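Next come two complexes, and both contain chain A; in the first it sits with chain B, in the second with chain C.
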Partner chain A sequence: MLRKKIDIWPYLLIAPALIIILAMVFVPAFNAILMSFQSYDLRRPSEIGFVGLSNYGEVLQDSLFWESLLRTVIWVVFGVGFQFVFGFALALLLNKKFKGRGIARSVSLIPWVTPGVLIGLMWRWIYDGSYGVLNDILLKLGLIQDKIPFLAQESTAFPSVIVTIIWQGVPFFALMLLAGLQGVPGELYEAADIDGANAFQKLFKVTIPSLKNTIFVTTLLRIIWVSNSVDVIFNMTGGGPAYSTQTLSVYIFNKATSLNLGYSSTMSILLTLLLLLVAVPYLKNMFKSQGA
Partner chain B sequence: MKKVLSAILAVAMSMSMFVGCSNQSAQSQTSAAAGAADSTAAGTTATTTITHWYWADNSAYSAKMQEMVKDFNATNKSNVKVVAQEYPWDGGAYSETLFTAVVGGGGPDTSSFKLTSTPQFTANKLLANLDTYVSKWSDKDDIDSSLYDTMKQAGGSNSMYVMPWNTQVLYVYYRPSMFKAAGVTVPKTYDEFLTACKKLTRDTNGDGKTDVYGFGMRGAKGGQEPWGSFIWARGGDFTDFTSAKAVAGMQDFIDLYKKGYVPPTATTDGFNEIIANFKSGKTAMTVHHIGSSADMVKTFGDDVGAFVFPAGDKQWTSMGDTENVMFDKCKNKDAAFEWLSYLATGKGQETWCTATGNVPVSKRVQQLPVFQDNKFMKVSIEGQPHAGIFPILDTTTEWISTVWPNTVASALAGKTSAADAMKTLQKGLYGTK
Partner chain C sequence: MKRDKNVLIRVFALYLPLAILLIFLLFPFYWTFVTSIKPDKELYGSVVTYWPLNTTFESYRKLFFEFNFLQPMYNSFLVAMITMLLSLAVSVLAAYAFSRYRFKGRKIFMMLFLTNNMFPTVLLLIPLYSIMRNIGMLYTPMSLVLSYTTFTIPFSVWLLNGYLNDLPLSLEEAAMVDGANKAQAFTRIIFPVLVPCLVATGVYIFMTSWNEYTFAVMFTNEANRTIPVALKNLIGQLGVQWDLLTAGGIITIIPVCIMFFFAQKRLVEGLTAGAVKG
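So, the complex of A and B:
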C-alpha cells in the first residue's frame, strides 16, 4: 500500500509543468486542428462551421502555398546549412587558446541574443536601397556603380534575408558545437598524433564523429526554428516584393492576420506534418547510431 | 520527511498556478470594472475611466493627443477620465491589432478608426450603435449630413456605428525650385503630369546617374491610394479593374517605374520612404495629404507647393479618413460618447485639426482663420469634389495589405502584365477567397 502511495510523487512533481504545457501547447494545437476543418474566417462570422477537408483541398490547389513551400525548403537548406558551416568554423576558432578569447566568445553571441524584430529592422536599414550603409560601403569600395535596392527587387530580396538569418543563427551553432568540442577527450587527439594523423584527418576522424550527436540535435532544432521563423522576414520585407520572400510560415502569418484562421490553421497543420517527416527519421537515425 | 516536503512543494506549485490564474482573473475583472467606473459609489464624485486607442504620424501629434486628453479630463463636467494609448499605424496593421484585441474580449472602450474596417467590425457585432446618442446630441448639425450618410454606408445599414472626426484629401506635393530648373509648370492635365514626371527626372551633377526622380511612387501598403488616381485618370474605376481603361492606367503606373522616373526602391517604398525621398530632394513630386504639410514647410519653407492630382478622362483622388468608434463592450457609453463628441465638434476637433492640418468635420472649426488661410487646406478643399474611397468590402483589408502590394510589385518588375495584374486585383477584391 505504502509503495503505491510513493509512486504518485513523480507525477505530482511534473504536474505543474505538464499542466502548463497542456494549456499553452496542446490546447491551442488541438484548436488549430479543429479550425483546419472549419470555414473560420472572422471577416465572415456567419459562415463559420465545419467544412470537412475543403480547406485542405483549397490549400493544395493554391499556387502561393506551393511557391511558399519551395521557398521554405531553400530558406532552410541555405539558412541552416551556412549557419552550420560558419558556426562550426567559429567554434573551432573559439576553442583555440588566444588572447581575448573570453571577449571574442561573448561578442560572437550578440546576433543570437538580439531580438528577431530588431534584427529585421536593423538589416532592413543596412540593405536600404537609398540610404543603406551596405550600398554606401560597396560604392566606396568601387564594387558597384549604382545603389542596389536589395530588398526591393525579387532577384536580391530572398538572398538578402537568407544572409540575415545566417548571421543570426551562426552563434547558436558555434555555442553548441563549442560545448561539444570541450567534451572531446584530449587523449583522442594525442593518439591521433601518435598515429601521424594530419589536421584534416583529425577533423574528420576525431572531431566530427565525437560531435555527431551535438550536430544532429543542433541542426534539427535549427531546421524547426528556421522553418517556423516569421519575425526576421516579416520585419524586413513582409514577404514581398511580389511574394518573393514569402516562406510558408510568413504566408500562414499573413493569412492569420487577414483573419482567415481556418485557412491559416490548415497550412500550419501541413507545415507541422512536413516538419515531422523530417524530424522523425532524423531522430530515429540518431538513436539508431547511438545504439550501435 | 523529505517526501512530505516535496509533496507540499509540488501541491503548492500547482496551487500557486491556479492562484495566479485566479488573481489574474480577478485583476481582469477589476480592469473591466475600471473600464466602467473607478468607483461604484453613487454621486458626482465617481470617476469613469474610458480607455482610448489612437495612432499618430509623428511624436508631435502624439504629444498633442495627450494634451487633448489632459484638457478633456480637466474640463469635462461628468468626471470622465480618458486614458489614451498609442499604437502604430504600421501601414494599416493598426486595424488588425485593434480587431484582434476587441474580438478576443480586450481592447479599448473607444478608438480611432478607418471606415474601411467597418464591415469587419460590424459583422462581428463589435461596435456600439450611435443612433440614439447622435439623435439627442446638441452639436449634431455642426457636421454635414452627407458625412453621417457616408458613415452609415460603410456599415452597410441605416445605423451609424462610426463617429466622424477628420478627413485627409490626397494631393500632389511638389518642389517649385525643381519645376523651375526643369522648365516645368504645374500640370493641369493628366498627360501634362506624366510629362512632368519625365522632365523632372534629372542627372543634376552630370555623372550619368539619376539624382532626382520625377515622382515618388509608393509601392508598399497604402500605395493603392495614389495608384487609384492613375486608374481613374485613364477613365477606369474600381468596379472593374479589368476594363481596358483601368488596365491603361495600370500600364502608365508600370511605365513610370520601367522608364526610371521613380526611385528603383518604389516596389517597397511606404509612407516613411516616400516622405524621406521627397524631403531629401530625391523626388520632385509625391502624393500625400495635408498631415505632412507642417513637416514639409519646416523642411523647405516656401519651396514646397501642392496641386490636386490632375484630371484625365476622369479625376479621382483618395479621401483618407480618421474617425472614432465606441465598442459595444464599453460599460459606460454615455461617458464614451462625451469623449467622442469632444473630438468631433468640441475643443478636441479644433486642437487636433489645427495641429495636423487635417480637414475638420465641424463646420464651426472649418470657418476658423487658421484653416481659411492655409494653402494646403485650399488644395484639400479643391480636391474634395473628386475625392472618394475604395470599395469597403470584407476583403478590402487583405487586398490593401497583401494582394495590392505584391501584385503591383510583380507588375512593376515585369513578371506580370498590366492586364494580368488587374485580373488578380479584381479577383482579390471581389473574388470569394
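So, the complex of A and C:
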C-alpha cells in the first residue's frame, strides 16, 4: 500500500496570512491575558508586575464597569433593533420597481462608507445646543419651545448617540436584506396571492421566513460590531456627560488612553468572553455555508 | 378612478416612506456640505439658514494652506494603499488554498481566520500598543498597516474564498488537461477572472483603513497622523471650528464614495453571498 504523499502546497499558500494573523492577533490576545494578571499602568512603571486576579476582583467591584456593561446592552438592543427595523423597511422599498432605483440603492449606502469619527462629529454638530439644525427644525415644527442641549445633558445624551448608531447601521442591514429578498422565489408570492393572503400575511408568512438566515447572520454581525464600536460615541461625547454615554468599549478605550493597560486589558477580556457567547452560533452558521 | 387609487397607494406605500428614509440617511451629508461653505457669521448667527446666503470656500482654502490637510491625506493614502496590497497578496493565496485544496487541518485553519472578526478592537489595541512600543514601531505608518491587517486579512480571505468557490473547477481542469500546472492554471485562468473581485475586496480594505480611528489615534503622532485623527484634532482649545471640520469631512468621504460606487456591485455580491446562500 502506497501512502498518499502529503501535498505541502496548501500549507505554503496559507502560511503568509497565517503568520501575520498569529503574530498580530493571537500573540497580542495572549499578551492581553497576561496583562490582565498584572498591575500594568504606564504612568506607574515601577509598580508593573504580576498581581494575580486582583484586576478581575477590582473590575467586578467597579460600579462603572457594571453600569457600562448595562449601557452596552441597552446600546445593542436599541441600536441593532432599530437598525433592523429601518433597514428592513428600506430593503422592502428598494426591492420594488421604480425609476431611479439604482441611484437610490447606491446613495442609501453612503452612511456605511463614512468614517465613524466623521459620523460622530457630523451628528455632534446637528445636535448642537446653540446652533444645531435639529433644534431649529424641532422649533419650527413647534415640537419644542426651548432649545435642547442634546449631548450636554444626561437625560438626552444616550438616546441621541443611539439614534446616530442606528443611522450608521441602517444601510448595512438594508444591503444584506435586499440581497436576501432578491433570492426569494416569486412563486411563493404567487401561491400566497392565490390563497388570498394580504400584504401583512405575505410579509410574516413568506418574506420573513425566507430571510431567516440572512436576518440571523446580519444581526449577529451587527451585535458584535455595535458592541465594539468606539469611534462614534467617543467623538460625540467621549462617554459623558457624567458617564451617561459610556459603553463598555468606550470605558476600556478611555482607560487605555489613560495608559492603565492592565485594568483595560482585564475589562476587554471580559467583553471578549461575553461576545464569544454571541459569536458561537454565528461561527457555526458560517461553517455550514462555507462548506468547511 | 382605479388609476388614481393606484397612484395614491404607490405614494403612501413607496415614495413617501422611501423619501423619509432617504432624507434621514442623507440629510447629515447635505448639512455637512452646507456648513462647510457658510461664512462664520451665518454659521454662528441667530438664524439657521438652510442654504447659505453667502457661499464661501474659505474653509477649504484654510484647511489646505493653514492646516496642511494634504499631509494627513497623504498619510492615510499611504497606509490604506500598503494595507490593501499586503492584505490582498496574502489573502488571495490563502483563499485559493481553502477553496481548491482539501488538506488536513483545513477546518481548524479556517476557524483561526474566522474567529478573528470576533476580537474586539480594544482587546488588541492595548497589547499591540505595548508591542509596537517595545519594537520601536510606534508612530510609524507600518504600525497601522500591521494593525489593520488584523481585520482586513480575515475579512478578505472570507470574501475571496466566497468568490473562488463560485468559479467552476472545470476552468482549471481544462487548462491542466492542456498541460498547464496548478500555478500556471492559477495565473493564466483564475487570476484574470478574479481581477474584478480583487478590485472589490481591495476597495473594501482601502475604505476600512482610510476610515479607521481607534488604532490611528494611539499609533500615530503629529508627523504621520491619518485623516480621522487629523479631523478630530481640528477641535482645538477655541472649541470646534465647524466650517473647517465639515470641509475636512467632505474631502474625506469623496474618494471613498467614488471608489465605492465603482466597486459596489461586486462588493455587495461578495458580502451578501455567504449570508444569503447559507
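One rule holds for everything that comes next: the second predicted complex is superposed on the first by the 274 of 292 C-alpha atoms of A that agree within 3 Å, B and C clash if a C-alpha of one lies under 4 Å from a C-alpha of the other, contacts with A are read in each partner's own complex, and residues count from 1 in each chain.
Please note the rule applied: a residue touches a chain if its C-beta (ideal position, glycine included) is under 8 Å from a C-beta of that chain, and two chains touch if they have at least 3 such contacts.
Nothing here was measured: the structure is a model prediction, and the numbers come from that model.
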item: Chain B or chain C, by number of chain A residues touched; value: C
item: First (chain B), second (chain C), both or neither touched by A:153; value: first
item: Touched partner set for A:45, first chain B, second chain C, both or neither; value: first
item: First (chain B), second (chain C), both or neither touched by A:129; value: first
item: Touching partner for A:257 - first (chain B), second (chain C), both, neither; value: both
item: Which superposed partner A:13 touches (first chain B, second chain C, both, neither); value: both
item: Which superposed partner A:58 touches (first chain B, second chain C, both, neither); value: first
item: Touched partner set for A:242, first chain B, second chain C, both or neither; value: first
item: Residues on chain A lying within both footprints (that of chain B and that of chain C); value: 6, 9, 13, 16, 20, 130-131, 257
item: Residues of chain A defined as touching chain C within the complex; value: 6-7, 9-11, 13-14, 16-18, 20-22, 24-29, 31-32, 35, 86, 89-90, 93-94, 96, 98, 104, 106-111, 113-119, 121-126, 130-131, 133, 136, 167, 170-171, 175-176, 179-180, 183, 213-214, 217-218, 224, 227-228, 230-231, 234-235, 249, 252-253, 256-257, 261, 264-265, 268-269, 271-272, 275-276, 279, 283, 285-292
item: Residues of chain C defined as touching chain A within the complex; value: 14-15, 17-18, 21-22, 24-26, 28-29, 31-32, 35, 43-44, 48, 89-91, 93-94, 96-98, 101, 103-104, 106-107, 109-131, 146-147, 149-150, 153-154, 157-158, 161-162, 165, 182, 207, 210-214, 217-218, 227-229, 231-232, 240, 242, 245-246, 249, 252-253, 256-257, 260-261, 264, 268-269, 271-272, 274-278
item: Chain B to chain A touching residues, read off their complex; value: 3, 6-7, 10-11, 13-14, 17, 93, 96, 99-100, 103, 119-120, 123-124, 209, 219-221, 263-269, 273, 276-277, 280, 282, 394-395, 397-398, 401-402, 405-407, 409-410, 413, 415-416, 433
item: Residue ranges of chain A in contact with chain B within the complex; value: 6, 9, 12-13, 15-16, 19-20, 42-46, 58, 128-131, 146-147, 149, 151-154, 237-243, 254, 257-260, 263
